[in-house]
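The structure under discussion appears below in the form of structure tokens.
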Amino acid sequence: MELLLLFIPLLLLTSSLIVGLSSNNLGKISAGILSSTLVFVALIFSSIILFNIYKHEDQILYENFYNWISISSLEIGIGYLIDKFSAVMLFVVLLISFVVHVYSISYMSEEKDFKRFFSYIALFTFSMILLVMSNNLIQLFIGWEGVGLVSYLLIGFFYKKESAIKANLKAFLINRIGDMFFILGIAMIYALFDSFDYRTIFININKVDFENLDSYFGLSYLDLSCLFLFIGAMAKSAQIPLHVWLPDSMEGPTPISALIHAATMVTAGIFMVGRLSPLFELTDFTNSFILIIGSSTALFMGLIAIYENDIKRVIAYSTISQLGYMVAALGISAYTVSFFHLFTHAFFKALLFLCAGSIIMSLHHNQDITKMGGLRSKLPVTYICFLIGTLSIIGFPLTSGFFSKDLILEVMLDNNSTISFVSYNMLLIGALVTVIYSLRLLFIVFHGDFRGGKLSSIKEQSMIILLPLILLAIFSLFSGYLIKTFVDMPIYFYGLKDIHYEGMLPFISHGILSPASIALITGFFAAKILYKDERKFKMLNSAITIKLKSFIQTKYKFDELFIYSSNKTKKISSLLASKFDIGLIDGFIVNGLPKKINKLSQILKSLSSGYLYHYAFLFVFSIVVIFGIILARIL
Amino acid sequence: MISNILSLLIWVPILSGIILYFYNRNEKILNIYNVLINFFVLALSIYLLINFKQDVEAFQFIEKYNWINTLNIQYFLGVDGISTLLIILNTIIFFIVSIYNLNLKIDKRNQYYASFLIANGLTIGVFSSLDAILFYIFFEALLIPMFLIIGIWGGANRIYASIKFFIYTFFGSVLLLISFLYINSKISSFDINYLYDANFTLVEQEWLFIAMAIAFAIKIPMFPFHTWLPDAHVQAPTSGSVVLAAILLKVGAYGFIRYVLPVVPIGAMSLDIYFIILSLIAIAYVGLIAITQNDMKKLIAYSSISHMGFVTLGFFIIFQLFEKTSNVDDLIISLSGSLYQIISHGFVSASLFICVGSIYDRYKTKKISDLSGLLNQMPVYSWFFLFFALANCGLPGTSSFVGELLIIISSFKANFIYAFISSSTLIISAFYSLWLVKRVIYGEIKIDLDKNIDANNLEKLILFTLALIIIILGIYPDFIMNFMNTSLRHISETIIFKL
Amino acid sequence: MITMTHYLVFSLLLFCISIAGIFINRKNILLLLMSIELMLLSVNTNFIVFSHFSNDITGQVFVFFILAVAAAESAIGLAIIVALYRVKNSIEINLINKLKG
Amino acid sequence: MIIQNTITSLFHFMPEIILSISSMVILLIGTLEFLKKYVFQLTILSILLASSFSYMVYPETALSLFNASIVKNDITEFFKYICYFIFLIQVLISRKYLNIRKLDSGEFYSLLIFALIGCLIIISADNLIVLFLGIELSSLSLYSLIALDKSNSLSSEAAIKYFVLSIIASAIMLFGFSYLYGLTNSLSISEIIVFSNTNEISNLYLFSYILIFIGVAFKFAVAPFHMWLPDVYEGSPLPVTNFISSIPKIAFFVLAYKFLDGNNIMQIDNFHNIFLFLGIFSVIVGNLYALAQKKIMRLIAYSGVANSGFIFLALYAAIEYNFSVSAFYVASYSFATVSLISLVTYISSKKYNLVYIKDFKGLSASLGFISVLFMVTLLSTAGIPLTVGFYAKYLVIDSLISKDLILVATLVILMTVVGLYYYLRIIWFMFFEPGINSLVNRGDKLSVLILSFIPAIIIMVFLFPEPIFKYIFNILT
């Protein structure tokens, strides 16, 4: 078992290195197959581990296998902490990764940098696994930064495209903003517990006298540290206002969007909060903060998706919105519920992205949905898969999304507080919005008439593309039935959260009768009328709705905010450089002082005239002065 | 066991350098001779490393002769873990530089090599001398070869830069001399062990601290004494920049840990807040300045200053840490972070300068605005450049992460604000490093040289070695930590004892 | 009664006058030489006074040496003036300021 | 008895006598057409002869000759050897320079040797009359030497300036002598010192000492008595400058030593503070003036002013009669400056007049080795480690600090940082600027060998200073 755990990251690292550094002898296809095989082996290992974890109740694997740093009392290791929570996550990551690997063999086959791509995704999976397995905060951070790095590299995969290299810089920088707070949070935790290990931290959590700790800005110590950690998660999991990088990250190849920007990396923040639940559990302000951020992200980002015309960007905004659901669930300490949504979302969102990839390929890299339409007949398999994904995301009963989203809504309603009630309503409206934008996408892309020229040249992709879709579709349909597993899932040192769940059937019936169904039905008809039948309503052209529409289309000006602040930073930078550094320090002091001295010496030089009688006078004058002083002192 | 190994390390390169200075016939022999000597020194230093006993607190490989009895000056050499590591850093960098220099097309090649060899020996002298005046002599003499390297083989504005470099650092070092002489006038010794045992009053310590700290702060350089560095870097030839960034700045940091903190801790303690503020300014403000530099070397120079801000921050928070936790381990962690940062930055900045130098050799420009899309024309270089840029912004897995992490977590223990400002480097360093990458490496090609100008095998070897070292240091920091641990504990205990 | 002090003050005054002569005179170089002679003579006065009042002959011996040296100095001074006149065609002091700064 | 004493004295005074005779001989054969060309060789011969004789008659104990008017001891002999050595180098280097300018006549060498004899007499004099004669002998010779280049108007201008000012200084010194004589009724320096220890130091004694040391300050060119120095350096022929820059300074240092060693007057604030303030003033003024100079000789002159300031500071620090610091400084400075001027002389003898600093541009391209020598010497003058000049400055600063004058030490050492700039300017002109092609001809090997003597000593003494320190500390404390 332990050995298998060690092998998983090693396999991926090997894959990344072999593919990345190999010479031209290794062909494209064989490189793709090689790395897919390695991921597959890792996947097998992870399923064995998952199986084992579930076979032995309460088994937790916790070990350090490498001592990274040890300076006297400080010990930072690389190790693993595998409980049910991380075992499932491990499995999901590897599964999606494997699927994407296979998918990419075909999708990327035209690319010159095929092997670089595979090296990256293997490296990504490695980092993600490091993050998931970690048993301490530093390893978590290493993985955290690692996935950020690979995301950066992959968004900039097409490095000649100006938009791509802008997007990847933006993504990295915004992630770095999060990382800054994340590391501060880590530092705060370390200062409190003198350790980075989860075990040590969690064991000592009860021994800490929280009352007597310093408070900052009116927040308690723990609140602030968790807030900082959460800000890190906000950047990674694309929460308002640090979400701006995610839509832009769609510049990367589509499989990447599926793997990184939908299924795995962006959920790292959710995972992290879940992992540190014993800490977050104790916070007060931070939890409310999380809740507010999550629910507003869920609602407002969904709204943007309605007006997007780029197929990938629609799905990206939907991802942000769904992440909002997960975060909102974290805010009421329903960690496993959130994790459940993460789990199902990983499948259906990866599915949607891969379908989108398939469509884009078939349409020769056209991503604009206004140039699509009526693809149903030409791409039947893709259509069915996309339909399954859509049903799942809108929470159509009995699909996986139904279970997870309804569970979130229910626990939200069960949580008796004003904030959670407000959030509940926001999430409910969010559900409606989800239905609208998802169905809009479905209708515009697959129904109606094709708007992009001749339809005849379009055909379904090869089996290498389709098989992954089908696999993910199956998971999207059925993964929801594991609801019991997640409700009963204990998190390391946090234990079980008491969730109101009475069994599958009551849950389903209750779910169907809940307000979410109303949202579903309303949304369906609204989408059908607006986007399938394309009816026009006067009401939609009224001043207010147009204003609202244009407001949403500005994406709430968050992008502008970041562009503004980055431009401002540059401006300040050049101002400081020229005025303060070169002007004041260098010009006035460092070079100014010598200049002054030089001037003084020029003045002195001009004073000595060269006349003999001046010399003699100075001579005598100096003697007089000396004697004068001495006489004055003697007398 | 080679006796007098430290003397060999110092004098072999210096004497060979002097010989080389007057030998100017066959270029091939010159090249081979130069590489061989550097390799010999490297091998010798590795021998030193192998024979170094990690768990011994006292100085090792001691050579102690009476040099100038009448002035209490001894020829006193010896190393502890810190200096051993810095010597290794030094010899590796000089060896790499000697290989890199094979590619250069320069005149007065023999003198160029000679200057580097002499600088090599003198730096080892700085790191291994345990007598304050001996240290000072090496410290000061080191200026001469660097002055010549910048002045003779530098860029268009080299004279201004070299003079500024020389006079600025000389200004600092005379203050150092004054302090050493003052100490001597009180305890009649320059021996490091006596210095550690000496006790001064608060006022004395404060003044001594100010004088010595300014000297080393100029060398490191700390804000606001930093303005000589960008000029020197921009004008210096590539190998000169490499040595300047990788070695010379470290001499200042080494001075702090060896001659300032343990000798006048009370003075340092009473004034530490100012130096912490300066370090924080260096980290944030200088990093900010780096963002919009249009000269790649200047950008890296500013980033060096910003990174060295971490080093000094790690040095000066120890007193507040001690006040808060009175745990010697916290001091050691912070100091380890600083020293790790020193070593890591040595390699990272060296690599970056080598990359920039090679770009300059090909495109004859260092201006960012002139370049774009190098990835299309010189992919191998560009990937390495990207890697080093990422290392420069402290990516985990590379060596720079370790130091920054340790310092950030220590600084939080001292004060929230310190940690907050210092961790802003995560954003700022990413901004300047990756924006640089975006503009230079990525995008469409701007100047098409239309021939194969990618790295040749020699350069590939150099870059690969450096990248490998950076990664190894990133994933196996314990190798270095073990070396430093005992020595740092010793120094920390000395400091605490005197407090 | 003329005491030693009177003599000393006299010689001091003589000395001061001669020094003043050097820097007040801005025209003629020969006056310079005369001032110098006067300066040495004031020293001689001093020696003779001391020698006389302390009944010690060595002071007067010194005076002879000073006189001899003064003569040599005048000779060399005149020689330099001649050399100067040759290249400059003038011996005015206020024209001699090529060397300055 | 007296006769025997005189014979012994004459024997021990042989080196000076040899020099006097040979200088007269040189003067004589200089006028003879067929022997004219041997004056140079004869000069060298006489120096070698005198110095080897000086070695032969080296006194085992301190000697007092000619009725205690001349003393010979370790100190005098040490400085005399330095003088011989420096003089030898100066003469060897000057030949070509003089040859080109048609100055290598008999009277030149003769006068130069007379100046040397004067300085040697200053070093060993123990009687005010002898001392005065020594001072005047060297001064008189130098007046004529400076004016020797009759075609050059600067030369006579320098001579007249030096002449007038030097006589004022001599007269002031003599004035001091006269008061001392009146006070102590003695012309013997040792008796004057004994007087200070047996009687309370009166104001007159103080004044006369101040007068004497104003004379010394003039000879050292300590600011504000420095005005003559740059003009003389610039105006006179380089070999003469070379002489003025070093040997008289050594001689006057020994004079100062003799007047101060063991003298209670050193304990008087009003007296020794003069050294301090003149020293500080001189370091500041010298460095500031040097910064603005465009001509190499004026620059060396003003750097000499700054260095003399250091010598005065070292004398100040000698309150406990520890003159080793100042002695070392004087020796080190003399060597360095002789090396500098010799190098300038050597370069100037190649029909290339090195007047302005910008004339140094690209020197390293045509005269690589010479440039290195120049650099070493400049660094020594600036006091950078790896050269003996470092120890010189080090010792001064050290003694100031041990007197708790930390601020003064800091001030003067910061002024050396200012001074570093103009030394570096020469180095950068030599090494960093593009070359001038007119200097392609290689120098003669012998001169280069001779020129490399002093830089070699500068570095060797840096590496192994202990014997020198021991020796100097031994004889001077």
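Observations on the model:
A, B, C and D label the chains in the order they appear, each numbered from 1.
Quick note on the criterion: a contact is a pair of C-beta atoms (placed from the backbone, for glycine too) under 8 Å apart; a residue touches a chain by one contact, two chains touch by 3 or more.
Not measured: the values here are computed from a predicted model.
Within the contact network of the assembly, the step distance from chain A to chain D comes to 1. With respect to chain A, maximal separation of chain centres occurs for C (centres as means of Cα atoms). Each chain gets a centre from its C-alpha atoms; the one nearest the centre of all protein C-alpha atoms is B. Counted by C-beta pairs in contact, the busier of A-B and A-C is A-B.
With centres set at the average Cα position, the gap from chain B to chain C is 65 Å. Distance between chain centres (mean CA atoms), chain A to chain B: 37 Å.
Between the Cα centres of chain A and chain C there is a gap of 97 Å.
Mean C-alpha positions place chain C and chain D at a centre distance of 26 Å.
Shared interface positions of chain B, i.e. residues touching 2 or more other chains, are given as 167. Multi-chain contact residues of chain A, defined as those touching 2 or more other chains: 594, 605, 608, 610, 612, 614, 616, 620.
Residue positions 19, 22, 32, 96, 98-101 of chain C each touch two or more of the other chains.
Chain pairs that touch one another, listed by label: A-B, A-C, A-D, B-D, C-D. Those residues of chain D whose C-beta lies close enough to touch chain C in the complex are 128-129, 132-133, 136, 140, 143-144, 147, 150-161, 163-164, 167-168, 171, 174-175, 177-179, 181-182, 185-187, 230-231, 234-235, 292-293, 298.
Residue ranges on chain B touching chain D, taken from their complex, read 21-22, 66-71, 136-138, 140-141, 143-144, 147-148, 151-152, 158-159, 162-163, 166-167, 170-171, 174-175, 177-178, 181-182, 184-185, 207.
Within the complex formed with chain A, the residues of chain D that make contact are 160-161, 164-165, 168-169, 172, 203, 206-207, 210, 214, 218, 224-225, 227-228, 231, 270, 274, 285, 288-293, 418, 421. Contact residues on chain C toward chain D in their complex (touch as defined above): 15, 19, 22, 29, 32, 36, 39-40, 42-43, 46-47, 49-51, 53-54, 56, 58-59, 61-62, 65-66, 69, 72-73, 76-77, 79-81, 83-84, 86-88, 96, 98-101. Those residues of chain A whose C-beta lies close enough to touch chain B in the complex are 67-74, 138, 141-142, 145-146, 149, 152, 156, 159-160, 162, 165-166, 169, 172-173, 176-177, 179-181, 183-184, 186-188, 190-191, 214, 216, 566, 569-570, 572-574, 576-577, 581-582, 585-586, 589-591, 594.
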